[in-house]
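Next come two complexes built around chain A: one with chain B, the other with chain C.
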Partner chain A sequence: MASTQHVLLSPAELAYLHASLSLTPPIRPDGRSPTQFRPLVAETGILPGTNGSARICFADGTEAIVGVKAEVERTRTRHDFPSLDESAEDDDDLDDNQNEVIKGDNDWVEMTVEIPGYRDDDAGTVFLSAMLSEALLADGEFTKRLWINQRFHWKLYLDILLISPPLSYPLPLLSLTTHLALLAARLPRLKSEGDEDPLFDDDWAAAPYLYPRPSEKGSKATAPAPAAARPPVTLLVMAVGNNIIFDPSKEELAVADVALAVSVGESSSSTTSTTSSKPTAMDIDTEETKGHNLRLLSVRTIDPPSRLTPPGIPNASNSAYGANAGAKDAEKKKQQQEQARTAESEAVEGVWKAPRGGAKTLVMATMVQKVLEKGGVADEVLDALDGVDLN
Partner chain B sequence: MPITILPPKAFRDQPPRHSLNHDSDDVMSDATSDSEDSDSQPGGVSLDGGATIHPRKRHRSGAGAAASSTFTKRPKTNAAINSIPRSAIVTPGERITTDPQWMRGHGTYLSSASLGEQAITSSLAGIVTRTNKLLSVRPLRARYTPEVGDLVVGRIVEVQAKRWRVDVGSTQLAALPLSAINLPGGILRKRTETDELQIRTFFAEGDLVVAEVQQLFQDGGAVLHTRSLKYGKLRNGVFMAVSGTGGGGGVVRSRRQVWTLESANNGGPIDVILGVNGYVWISKHVEPVVPEEAKGQTGITNLEEVVSATMYSSQNDRIEPETMREIARIRGVVTALVENGLRVDEDMVTKGYNEAVELALVSADGPEDVYLGGERGEQLAAALTAV
Partner chain C sequence: MPLDTSAYSLALLRVDGRRWNELRRIHAQIRTQAAADGSSYLEMGHTKVMCVVNGPSEPGPRRGATSGGGGGGGQSKNAEVAVNIVIAGFSSVDRKRRGRGDKHILELQSTISQALAASLHTHLFPHSTINISLHVLSQDGSLLAALINAATLACVDAGIPMTDYVAACTAGSTSTYAANDEGADPLLDMNHQEEQELPGLTVATLGDSDRVAVLVCESRVQVSRLEGMLAVGVDGCKQVREILDRVVREKGIKMIQEGTVERGVGLNDMELD
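Right, the complex of A and B next:
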């Protein structure tokens, strides 16, 4: 099952696109540079009934809105194994209340993706939501933010809606919109203490952000999990030959050799090193940059639709080609077709041939590196997202 | 900068090409409190639900306030001299007027408002336009309605026994019968079963064709033909779909839909095909190659043979990077024109292209920079409308 929708393009178009994207530097059909994103319009706080919401709109008309809603839910106590928190409390009796074990459960986040024209159990839709939630829950830090006390937690509903028909593979759009919605999300301030039934402050202005702003460092000290400073972003990267192209349009994706969804998170930046001074012993790349401390959360290969495209027919084996083509020389044609079958594996210039075989490891590694490198694309995307007014 | 994130634009009441015409009298009528222009006589149309929010006012109060003010009735004094707004957006089912002096035009229907009273109601989402006493609604966007003789670009989506079904951006798929194509080599004969069996060697699913509308069915479906050397399968270029005739900006019917543009920066000649249906094809211009044995023999039939020999090829010729770059630039120009609500025709594309080449010269990345999205597109459109 292809994870991207099939696009109907003629072999001549595919051959042209592939040729222009294989040049150095590649010429993209819309003239963008390889790392350039489509210009987009973003705003937050568009849905008054949600805890946080965002809308992003591309110039071509693709538009997505995301709403984040939270409700208080009683935490199920587990009986199947000795309660972790009890033993922890026994051990750490000397410590402060702050050090009590904070756990999160992936069930505390529910994500639904809606793409117009697709069923919600369509493989593509399910794959999209799996990728987005995977990035969010990958490091296990996010759900800790939803912890209220031993008995209660926040249940977060993330509703991701694509409003327009999917003109291009919507993953980067949905991911950026989700990112903004989570950044804008606020939860009411807790007034109660300890394990009593939670009581919240009515004053919405006092509600802390789910992801505390760097300026509000005071509230951050009491926040349960100071590790990830912001939600992850998932970027769509594709490669044609050795060229690495970001934010591909539908046509570009149709000729991709490899397509990757790279999820990048940010652990607290170097300026806030007081809270995370201890080195994290993780088996994933940690790169120290000036602005953002990027961390690779997940990488997924996306099945590019290029593999399903029909091959072009070279002139040499095209029975409708040539001045003497006609129904008369049927025998000659049959011969030609047989020749074509044997010569199918050879590439002819100007004729489209679907990519075969696996992706080159080196190309994949470069793609991931291009996302993560200092001053790279993810860095600049996060910088640009910082500029969006959160209200 | 790989990414540009812009704040949302303020609500724009109308496509810019209309605002160009009306900006001046909007200001004037603002001052003279709605006594708009010559054909709004006292006792004119009183509007129900007040679809008369003034564009200027709407702009000031912002999008949210404008929505709510739609439901506020105007003061009675104004209602008397009220008139149909020059450019208010109406939605399907919205009542435009109950005044009997107006005639109903396209995009409207009559519905009984109250006892014996007939109201002109919009059947589309669009802009109210009036020609003397005729009220019509121009749709904001519409599908292409084929007309005989239109040059269209279409994509084969279905292959049937004796015909192809072609997507031309209309409400229905157009049909291209096997009998309406030229056979390779210019052979003139009846189509046989053999042709039917190898129908996919001519056009297969996904192929792009340029064709002409030959005939219309009663229900508005089109029958195409490619019986000319100008028509046939498309290669050596890029495709893009913009809105066709009927909607706001987009391709408009004009004198020439197909022309060859001499591009800058050693790009060589480039063919541009603006299908009336809004499908655009931009490709390298290729002169037909005359084979050796055919040289010396002249005559129309011979030429026809030569040209139609390459008609069903799906192999691209060699295209230089310079040409590809200029093709991308022209595509950017067309996108910029559409995004800024300007019409797309030979004149505008040529002017826009020249402007884009000039813009690229002053760009930081030099003349090789073909990006025309976002702000640059707006810059381009501003330069074009200023002339």
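Right, the complex of A and C next:
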């Protein structure tokens, strides 16, 4: 859907944009540096009726609201045969070192994306929510936070609303808003013990955060050390030639050779990932850093809208510019067709041609590396999101 | 949760401490969203609604379920008013998800579409569509009224010519349909708890006049009480109109002071303080 949105630019404009973005350093239409993000407005805790909520406005005017709502649900008693599943058995062994087996299930999180003007079963909407929930569930750590006791668990509903019309591909906006809403989310404090029916503290001020703050002293000491200190962030990265450009605007995305959605999570410093059982998630651990210990959760290629743009016609084969003016007989016409075919396959300087084929492996690797590197973009984004007042 | 009507007759105070003729707090903002042609945010008590208007524009490919209640299709002489309501899953106390094909939502959409199509000068924009998308963030009664008010504000912000504000409000009665209580008082602006228990109606009027643009009553009510309820509702609409008008004027003054728009010729009588 939105990724293949029509941008009303002529082939000449596209060619110009592509040329200026493939310079070193690239010149972006709004004068940003390749890794610079546009300013955004963010607030949290806007809806008292939810467990956590956030609203973000991007500079291009797109706006999203995310509300997190939790309900207590009875855990289905499962008759697991550990021998059936090797990885499940491994997990059990790991957890048996603690006295309780804390297990999560991906069904405990339900995510819906609402985009005005699009049906909720539209392929693009479903793909967006799948990408966002995939990043959240990739390491299997998140659902463990929803565990109450052997019999009960929290069911978390994440409702993502895009308020504005989808002007640009809304993935980064929705991801950042979800991130903030989850950071602001709190669940009531459990008063009951063991496997009895859960009873919660009425005092909302005493409710612990779903993602405990490091600055909080009381709750952090008692809670079991969480593996991921904060929810994942999905960033949109695009490449033009060998240039890697972050936070592309709609016009920039229209000339992208490759577009990637890279989901990055943060793990606490001590745990190195051993949960590489998920086939969809690639786990690459970066070195210990002072700032954030980043971890790649998933990478998805986005079909860039540039593939659907109309190609330009070089002057050599454009009859309006006198090409083949003398073509009269059939033989010359045939020649003309052949010329047109070569013109379609060969790149002509300054003439727009929609990118074809896959991305270069080297470019893809650089894109992912640029996200993950120390003091890189993901680090910067997470630092910036730290500045948002959560209450 | 039954409303204790006996308590009302003792102190003449409602569950949230209001008198019979008091509105809840109404807070509104316009131009909340930079990318849209018009936008608004409205709170009536705990009911919170956002509205985004796009258009009048060329009708795009028809997608999803839009109700074309007001004015015909894209080929007609009048602009089509397409209303799209999204009720967020987190808006009510218990999470309840409603699909787009929900009959209740479809009815709300066509009601709002028809009400606005009558007030907007749609004949000025032939072969075009005015897209109004409404987002319900929090629900606590008087949903239709809040949606109509928010849509009106957003249309004002979008600069679509209209005859006057369409201001809406709810009214109810202090005793249930079954209770044959002669001295039942009408109530203004019902919250969710009262809506569950008592008969009520939503009324919208056109500007300062007593002309009713929308009248929706979904509960059983005795005919003798209807007149009183309607009178109170129409009176409430006038109060709501004042509030909406103030919001628009304040924003207008602010925009002139900030230099966003130039001071027009007709604005000399407006107080800029």
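Here is the rule we go by: the second predicted complex is superposed on the first by the 326 of 391 C-alpha atoms of A that agree within 3 Å, B and C clash if a C-alpha of one lies under 4 Å from a C-alpha of the other, contacts with A are read in each partner's own complex, and residues count from 1 in each chain.
Here, a contact is a pair of C-beta atoms (placed from the backbone, for glycine too) under 8 Å apart; a residue touches a chain by one contact, two chains touch by 3 or more.
Please read these numbers as outputs of a predicted model, since none were measured by experiment.
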item: Room on chain A for both chain B and chain C (clash or fit); value: clash
item: Touching partner for A:T62 - first (chain B), second (chain C), both, neither; value: second
item: Partner chain(s) touched by A:E114 [first = chain B, second = chain C, both, neither]; value: second
item: First, second, both or neither for A:E43, with chain B first and chain C second; value: first
item: Which superposed partner A:V351 touches (first chain B, second chain C, both, neither); value: first
item: Contacts of A:G31 with chain B and chain C, given as first, second, both or neither; value: first
item: First, second, both or neither for A:L167, with chain B first and chain C second; value: second
item: Touching partner for A:D159 - first (chain B), second (chain C), both, neither; value: second
item: Per-residue touch tally on chain A - higher for chain B or for chain C; value: B
item: First, second, both or neither for A:L187, with chain B first and chain C second; value: neither
item: Intersection of chain A interface sets (partners chain B, chain C); value: 57
item: Residue ranges of chain C in contact with chain A within the complex; value: 33-36, 46, 48, 50, 52, 54, 63-66, 84, 86, 88-95, 97, 99-100, 131, 133, 135, 137-138
item: Contacting residues of chain A [partner chain B, same complex]; value: 8-13, 15-17, 19-20, 23, 27-33, 35-43, 55, 57, 59, 246, 251, 310, 312-315, 318-327, 330, 348-352, 377, 380-381, 384-385, 387-389
item: Contact set on chain B toward chain A in their complex; value: 1-9, 155, 157, 183-185, 187, 192, 194-195, 198, 201-202, 204-208, 233-240, 291, 294, 305-306, 309-319, 321, 324-325, 328-329, 331-332, 335, 339, 365, 369-375
item: Complex contacts: residues of chain A adjacent to chain C; value: 47, 49-50, 53, 57, 60-63, 65, 67-69, 71, 112, 114, 116-120, 122, 157, 159, 161, 163-165, 167
